């Protein structure tokens, strides 16, 4: 990092900073400019962040140079991480399409959705059993009953299941039923949950927080990985900006950016990002063209009757069209799309 | 609300919307314009949000008119809510100043802080025992041992304690030791935690999420209140914007705004909002002038040795000066400041 | 629009609102709810915005329903606007690729760039002669001399030229030399300039402001169109958000969104949006997949020697590769790419 | 600055960076870490920004250390700049209160406003003659006629006038009539206008752009100052964030922050920032408590009839109350308020 000293910093101030850094094993260089002195140091940023240098007298600011994440970094592991579940994979040459309803509402609804997902050529079924809702008066999900229905749907259709867990309790419950555990945007920095996910041994789909920087997002993945679980799938789902025409602003640049910084697979959720059915297809196409390893798409047998997010859910027919249209784009970026009519 | 139909919406589309609304007990009016038709309806927004109208054919958008929160609303309860704990109060005519270290680090550090808080004339002691940290490699807090030290400090000094809980487990643990439970910005939409807080029966200090709108913040309070706990203190602590010179952007307008929308007390945390020691005093003055009911200020016996947030922590002497300077501003807005030398 | 009255609004307050609206020719409906009364009105929003209803006693807020733009709206003109210049077109079935250096630096540099643009199969040459720079100490552009070089390059290569104008003076100067006038992000709400552009009779490439909503962007187009110039090309170039890893956040959802709201062509500038050379290719691919009608790409004969934006400029070889890779994506969305090797 | 090299950067890459920097007179240090090499350099940032180092092979990023502004910096001029006009001053011990209507609408309206401003004890009259409006269909201002009325009002009341100029033409026109020229938020980076303002010799009130960082804002002041005009007043008027309850988000932390970075006076506009009459008083109080040197407040003889911004304009009586309430807060921060009843 670089420690920038205030113009009025004294020799003692500079020495104090230098000493604390060298004491911690940093290689330092003091550079005297006309106006200011800076202390440059190279070493482990994770240690640096525990030193509280900014609180030392004479220090103006500390500018970090190295990245704070390690296990998630491509500098540590060059080749892409590919996550394999029940013969499907995320992060490889095959595009991973995860589709299904916002919430599991009934056996009939979920099975109809599952068969439609499979018929369209996707391999992953999503469905929420625990719904974190902004209003305490909204539908909160079927909880364990929903998980059981997902497990049944998986058994009948062979689809890999993805479902959100919202705390240690729901995570423990989901272990017996679900293939890939999702951690939602609101819980991206629920560190207890991240650690539990790290211990779960299950692949984790980690959504980017609504206002999380790319660095914070990768640090959240680092939490999971630091507990020994390397199977993390990153999901871009839109960030909060001043623009309100769309539900959020899909930050697609984050896809190639994160793929450069990290070896973890990145998928995109155009449904939550846009909140508008009409925008799901074009943004799904764009996500694949940007290099995303997969998609998370909301599909409901009857969107107009959905208990949540109906306005952004595709019908089975619209979803099948999406899969067909995706094919040439996937091909253009060297990816295959299983089961979609050649 | 107002349901705006698409230009090409048919009579059937309009009738379908009207029917669903009237079936739910809304009073509706269909208004035919040259270009468009809108269906205006008055009724319970909480019901409205469960109808999924936006997913109906022919609907362009749904514009809510009423506010989504109820228990937290001043329309439901006109007079200010005043929360009383051990002879101290928040939301009344007395300014509530909550001060102490970011994290409880040791008995010696906490007691030194507590006596300094008391000596300066504040009545509330803050200290973190469970630290949600962005990096898994940073200090995570003393947990239960920290809670015990806070209880001891309270017994010795008579100060009211405020400490953050990060999940149901830490909340359960804190019940025996802490007077006011804090829910941090990252957990503002951790709905399980909000419900547990609602059942706890303790006063809750609810920090605004980093990217939470005022409406979402009040909905989070609504979660707590809907479980029967009316003792909620709202804390503005800065929102995330494009400006990076300060740690966050303190949204002081939210203070009078929320005090107009809600009867709950609002306090301000200038330390986390700015992240810079030099800005804490002016923003504390500004918060009081804006009408805030209190402050949350980080103070450490030795900021340069703090295990976290040293750069934004005041020393005991700086804190005492802050209290003295606050007095005339508090007086200017008709508030008193206990124990501060007349 | 809907005028929401305060709970304590009187009959006189409501009548006053109703009267002012009906006096202006709005069709109104007063709807009495339990808690509140709302006055719904259908009519010209442009008139509505001049009424200052929010300042009337008893009014809580005014919620607009209709869109504020008219000439730019697809409701007024259904078919896409296609802009034709010297045998090239923007907004049609052919992808419009505009490439060239950030700034015109010399005859040699510009001609080298122009031939490379042409060789790669693009039809439009961009180059800045007037550079709005954040620092008064940075290179400010070659001004008229730069415009002359662009005209010469166009004559030699047959490319259509695009160059930024920053005020009425530079606009007047550019009329004789440039085919398409660009209005930059910082000038998107320079209304004098917008009006002058409207009178110029030249096609205008209007960049979205750094923090402009889609609605404000279309209102800026409306300014140009209201002066009689219908040839407006909208250019998404990234918005300002909290994320700083990229220079801006490319809001690709705005492409299909705006194409739904307006008949005007939309192009995307991945170079300024990302500020990183490595992200230009994937985001260009994504933009085309999202349905963009064209691209604005920075290319410099020697990026390492560029006087501005070298870090985001492609080399001629990288640009040629981009064109080749774009082809299958363009094909996938039904667009052709002129001159690119089959 | 610090140039961070990519992990795979070669010795030649490092040498090339070092050479270019030393050739430009920078004092450099190459620091070899385990993973990376960084080249630290101290020198003139304004030169640094012209080097295009980020485009050099092997360079990952350039991290600036020094501030980009110079003339505006407190490091260059320690004592506060105080601007004196007609016996009034901005930036001194007296609070500068600038009040008046959004737009000059008529002689009667402006004179009524002017006398009310004076009666309440303020010394500065504001009024818009050139209105940059988002919609081309809104009232655009009285232009020169408005300027003449402002000059007349000033002559009759002795008030110092402040009015916005939107381009070089309106600036030239205003020179004969107006005491302090305002550059609005939308024009903060209209560099031609900034330069013209620098040449005007008049005090300039420079509003912060809607999405301008503090650094960009000070760079805009630098533009004006670099033309020889040191009389710049900075005006914080709210930034654009995700929060839509208020028109903008007033960034009050910017007041003490900028006062630390720069010697220029800082005033605050609570009217535009909040867009709500009820929030003007508390935010004006807060601004003064935060240390602002003055206020810009919208006041209209009859807010309900205002042609613009009526919803955020105070009535003369509300404004007089504001002045009275401000007094003790001004006193608390060591400022005086002229003419307000002791």
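Order of writing sets the chain letters: A, B, C and D. Residues in each chain are counted from 1.
We adopt the following convention: a contact is a pair of C-beta atoms (placed from the backbone, for glycine too) under 8 Å apart; a residue touches a chain by one contact, two chains touch by 3 or more.
Which protein is which chain? UniProt says A, B, C, D = Phospho-2-dehydro-3-deoxyheptonate aldolase.
What you are looking at is a predicted structure, and each value in this text was computed from that prediction instead of being measured.
Taking each chain's centre as the mean of its C-alpha atoms, the one that lies farthest from the centre of subunit A is D. For the pair subunit A and subunit D, the fraction of shared interface numbers is greater than half, so the two copies use mostly the same residues to meet.
Note: centroid distance subunit B to subunit D, computed from Cα atoms, is 31 Å.
Between the Cα centres of subunit A and subunit D there is a gap of 39 Å. Between subunit C and subunit D, the centres computed from C-alpha atoms are 27 Å apart. Multi-chain contact residues of subunit B (touching two or more other chains): 211, 240-242, 244.
Put simply, subunit C touches subunit B in their complex at residues 2, 4, 7, 27, 29, 31-36, 38, 40, 42-43, 63, 65-66, 75, 211, 240-242, 244. For subunit C in complex with subunit A, the touching residues are 211, 213-215, 239, 241-246, 249-257, 260, 273-274, 276, 278-279, 282-283, 285-291, 325, 328-329, 331-333.
Within the complex formed with subunit B, the residues of subunit A that make contact are 46, 49-50, 52, 54-57, 68, 132-139, 166-169, 186-187, 189-193, 195, 210-211, 216, 219, 222-223, 226, 240, 303-308, 310-311, 313.
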